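In the two complexes that follow, chain A is the common piece, with chain B as its partner first and chain C second.
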Partner chain A sequence: MSEAVSVMNGAERGTSIRVRDAGLQGMITLRGDLSAAKLKSAVKAATGHAVPKAREIAFADGKGVAWMSPDELLLLVPYGEADAAVASLEAALAGTHSLAVNVSDARAFFAVEGASARDVIAKIAPVDMHPDSFGPGELRRTRMAQAAAAFWMSDAETIHVICFRSVGQYMFDLLATSAETGAVEAF
Partner chain B sequence: MLTLKCPYCGVHADETELHPGSEAHLKRYGPGSSDDEFEGYLFMRENPKGVHFERWRHVYGCGKWFLAARDTNTLEVFGTYSAQTTEPPQEIKEAITAKRPGWSWREFQ
Partner chain C sequence: MSTRLSSGGRLVNKDKPVEFQFNGKRLKGYEGDTLASALLANDQMLVGRSFKYHRPRGIVASGAEEPNALVNLGQGGKFEPNQRVTTTELFDGLYATSQNHWPTLEFDIGAINTYLARFLPAGFYYKMFMFPRPFWKHVYEPFIRQSAGLGKAPKDRDADTYEHFYAFYDVVVIGGGIAGLTAALEAGKSGARVLVMEQTAAWGGRAVVDGVEIDGQAAEEWVAASVEALQAMENVEIRTRLMGAGVYDHGYLLAYERLRDHLPEEKGPRHRLWRIRTKQIVTATGAIERPISFAGNDLPGVMLASAVRDYVVNWGVSIGDRTVVVTNNDDAYRTAIVLKEAGLDVPAIIDARQGGAGALMDEARGLGIRVETGKAIAKVKGKGRVTGVAICAQAGQGGVLDEIACDCVAMSGGWSPVVHLWSHCGGKLKWDDAQAMFRPDPAKAPKGASGEAFVITAGIANGHLRSADALVDAFEAGRSAAKAAGGKVKAGKAPVAADADEATLEAIWLMPQGASIKLRMKAWLDFQNDVKVSDVQLAAREGFESVEHAKRYTTLGMATDQGKLSNINGLAILSDALDQPIPQTGTTTFRPPYTPISMGAIAGEARDELFQPIRRTPMYQWHEANGADFEPVGHWRRPYAFVRSGESVHDAVNREVMNTREKLGLLDASTLGKLIVKGPDAGKFLDMMYTNMMSTLPVGKCRYGLMCNENGFLSDDGVVARINEDTWLCHTTTGGADRIHAWMEDWLQCEWWDWKVYVANVTEQYAQVAVVGPNARKVLEKIGGMDVSKEAIPFMQWADGELGGIKARVYRISFSGELSYEIAVPASQGRAFWDMLLEAGEEFGVMPYGTECLHIMRAEKGFIMIGDETDGTVIPQDLNLNWAISKKKEDYLGKRAQERSHMADPNRWKLVGLETLDGSVLPDGAYAVAPGLNSNGQRNTIGRVTSTYHSPTLNKGIAMGLVHNGPDRMGDVIEFRKVDGTTVKARIVDQVFYDKDGEKQNV
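What follows is the complex of A and B.
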């Protein structure tokens, strides 16, 4: 068994605004009927969280569930538990029209931390980052410069970013460059 | 800048978060259709200056295809709606009529 390494292997950049590789995070794409009782209880068993409302995320202590589209969730579990979680989901959802896939190694996971974390995202994504428009508990799928990404805030100064691992270096450099030039003082 | 509200996830998506998918409400003609029907399906488009119906995909967001009614001349958006329909919903038609009385587009008015 090879040793799993996250895309930027724990790299960090910046001081007042810190951009860091947030390490290995188990991620499972789950597609199916989000209103079905079987799916709801399987998600609860896998993550400890209920299926969130549209565009929302519940995340605590490495476990969570994010609404990705009307028929898709992203389940977050500790990296080493993803395969077992997929097996449990498949068993619980047997016979229903659904799909669970461990995508942990296909993703990169970053954290942007600091008082101006909102500004870092505002400069590279077509999203209104004003606190009245976006805050903790919401998840936004969008693009950051030229790459697809999703992000959420765990608090007012911490933003988590997910993207495809194939653009992990690009995303890390992009976030770090945006952080380097500081706040835009728009909020 | 064009901004369309995705009817599937509710995000007000900037044009750069979307992918255009050409005209909406095309009826597909395949095997067994006449040459004229097939030619119309493949090549004939409205391309209007004014009220228009289009397909868009929220490609950087929830990934869903949806339909939009807008004015190609002014960029005014009359509304967006589900792709699971063969004609514009009544409220979309009414929204257009309120702004562009007497409009017509293919067989719709």
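What follows is the complex of A and C.
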């Protein structure tokens, strides 16, 4: 009865381009000195990935690290492991000025899947979605229409989107609308 | 009459007939027609009435510059007014009606205005505002209301959809004529990312109509080959029906794509607004032909010479059997030649120049066309339609030498480069005297962030009217743009065009040169807004010397065509009237969009559910299903009250208050801001942020705090909890969460960048429920999982634990005066926790409550509310909150400001409670009045109401307000003014109306 539920509870829309609630994803905001050896090894231990360069992300099998700002990372871990990961980060970073906080429930997490996934985003976000400018491994923090969002590509046809939970319904409807109106075919 | 020719029409597909309706008449056209060409093919010369005099108006042009032929297009959810027939592609089932006439297009009562023209001169409307005043309301306003407006406003919801598209390029070429294609080819070859766009459905622009030869090929073949070459380049995007609408700072460009205007039954968005960032823009936008100002130049059948030619060549439509061409340049001869070759009659070419034209004149004469040089049109004859022209000497005053019967007049007053997009972002123009036109001044191009030009203009748009020059210019423009955008330019040669030698144009602004006032009053400059040569001259005489003033006074160029045909002619007339050269007069400002774009395209997807993001808490769906009457709080929707069947909202609020005070209430408090502040300097930082001490707050405890801005004014409030040695959690107001987060970051990043503090906004991580009322502890104990006793969690303390298997942080804080727990759980389990409380609480009389109940309960307790008691001009001291202002601290944001004389003034209005003598509710915002008037003649005031409610607990009206010397006047009765002008008496009382000692919350 008290099971955790993601904002759109697994909803899906679309066929040739599919927009779906990607479910609960553990997310940790980590702020600190990104160049510090202690932080780097703590991140590696928590996620299995190295600290990425500016505007990049490393993500595989539910674990990852995204660069959010010069002093902020977003760590991705399985939902159920977020609290434990925060505890180990805090232990590993004891004595250094840093902040690790579980934000898994503050977010909505979506996947846009299909050949024209790039077009779905390019209609709502002021981001250059041309393959020469953006591809797997990169991340953008931006807005989608009127809501703040971040997104990355895990492969040529899959884009992951995160936003605040309170605008999850808006984001789902927005992505689905953008997908339904078809491709622009300009890439 | 205008009709379809048996041959010709390179754009129409005669195998695909199309049916459409105009004013209820069923008419036929072909695929490839514009609505203009199809109407003309059906002899529908009359298409509308002018704005002011309701003069009959026909089609003048063949493109975006058309001023007259605007129609209501479509029906119901597809209805749109003011659509130009020249840019409307014909489709099967198209439904159009004409505008601005009553009762019918052919017989329009408003046409009487044309006989009143001498009473409706330039500045007519402005003059009416002045004198005589009573006439305004009773005579002028009803008259203007009757005549105002062109098209009708749509009545139904727009049935179409629209979208935006964000695109990024190195080079964008605007214009798909031979110059644009040449520039695009060069930019494309450099490897740069290129977009080339054409506003119409066909590539090639004028060159294909005029039969220019390029590299030994006919223009049409060269264009087809170039388009194919561009399509083959992977780095080039090439699109028709895409118009460059506006150029803005930093290479931002808006383009307007019309996807389904010609395919209304197909699925998908109707328009797409391209929001482009580009390093370089090439404007290859061509030129627009100018009309000539002669008497009767607005009669249907008088058209631009190039348009007459376009209709024959592109759509196989002749405007008349007998066309008189009138010109001041060689280009119009092409029209005469085209007509003659199509088997139509050209009785005469009237060339205002004494010397006539060059090679084209010989060709025309060779075809047997009579050419009259040094002549002019004295006036056009006909009523509602051209029947002939009277010829005079251009040098004279209009003495008629000859009359020629004709049914079409093709006029050409020279060409004006389309400089709009060049000019939008600050590109300057220079006057070219030889060609009588403003052309871009490449030395004064629009500049980007680096100080370098980011717009390059090419071809005819750059003032190179001959194809040969235009191609050389476009070739260089394409290469320059590519280079500036970082592309690699290879060696190459410009395409070579051949076109006939031409004699120079002669500037003719009025025909004949000495036209009498009677002729000038019939010589139109602006066809849509009915501005004539005489109006501009009157404006000059009345002192409107600036071109911008003259424009507004006469309305020249203010119609939906934005003066594409009229501006240059108008300012030439103005210059002449002011006896100054044209460049000294200058142009009016070119503003985006180039032609009107749809409101739908601007809105994009932002309609209906997507109009604005609504923020929802995890319990939103429960609220929605259980009678919530929502109110907006920021972007959140919070339940104002939960209304049960048979109840009014007011009843529901009263029930919720009583139930919470007597039994058990639940409030969805998830929207409250929650900021984590952590670091070795976090205590020091919070001591600066809040007026009171936060560094001394013991771990495990809560403290209410106030935040002020640098000016001392109260900005936000909330309860702060100390989580551990270097971590605090700050609650903010619902609307303040993002603002206060940004405020903290601002100070940390810009001012105290060396302080070791991190802030994270965790507002949405938690669903927060206030469990309130005498039974609050009972329900939590029933759910179980942690000790919630008074001893375990005393008032103003917090504890972590688990409730019903859900991880919870429990704060003993109260905004109601009752026993109260605010419980934060992970948002993903918020709904489960809410359901659990409702189920477990049933035996304890649980009811959820909304924001109005919350407001009433806090007011009964005398608690302030940010936004009610504060309005940006109130300091904490005004609200008697001195207890929350640390005396020990050296500094906090707002401290210095609060010490300034006006802030420390004992005469500032201060917070008190108010009780009406009759128990009624004071009007919100009402002012307390004192005898006498102030220096503005207004009633003196001594206070105002900040919060006012009916208290169900006390069964009377209660209020708080700011009153002069209020706290010193306890028991005094003052008067508050009501909206109806009467007053109501209220007694000044303590602001705490309920449980003053706080016994109920501290149990």
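Quick note on the criterion: the second predicted complex is superposed on the first by the 186 of 187 C-alpha atoms of A that agree within 3 Å, B and C clash if a C-alpha of one lies under 4 Å from a C-alpha of the other, contacts with A are read in each partner's own complex, and residues count from 1 in each chain.
Here is the rule we use: a residue touches a chain if its C-beta (ideal position, glycine included) is under 8 Å from a C-beta of that chain, and two chains touch if they have at least 3 such contacts.
Because the structure is predicted, anything quoted here is derived from the model rather than measured.
Touching more residues of chain A than its counterpart among chain B and chain C is C. In the superposed pair of complexes, A:Arg140 makes contact with chain B only, with no contact to chain C. Looking at the shared chain after the overlay, A:Ala92 reaches neither chain B nor chain C. When the shared chain is aligned, chain B comes close enough to touch A:Met68, but chain C does not.
Touch criterion met: A:Lys123 reaches chain C, while chain B stays clear of it. Applying the stated contact rule after C-alpha superposition, one finds that A:Ala36 touches neither chain B nor chain C.
Of the two partner chains, chain B is the only one that A:Ala54 touches; chain C does not reach it. When the shared chain is aligned, no partner comes close enough to touch A:Ala11: not chain B, not chain C.
Overlap of the chain B and chain C interfaces on chain A comprises residues 126. Remark: chain C residues 161, 163-168, 193, 237, 267-269, 272, 275, 277, 604-606, 609-610, 612-618, 635-636, 676, 678-680, 756, 758, 760, 762-766, 804-807, 826-829, 831-833, 835-836 touch chain A in the complex. Across the complex, chain B is touched by residues 54-55, 68-70, 72, 126, 140-143, 148 of chain A. By the touch rule above, chain A contacts chain C in their complex via residues 1-7, 24, 29, 31-32, 71, 83, 97-99, 101-107, 122-130, 132-133, 145-147, 164-171, 173-174, 177-178, 181-182, 184, 186.
Partner chain A is touched in their complex by these residues of chain B: 8-11, 13-14, 16-17, 60-64.
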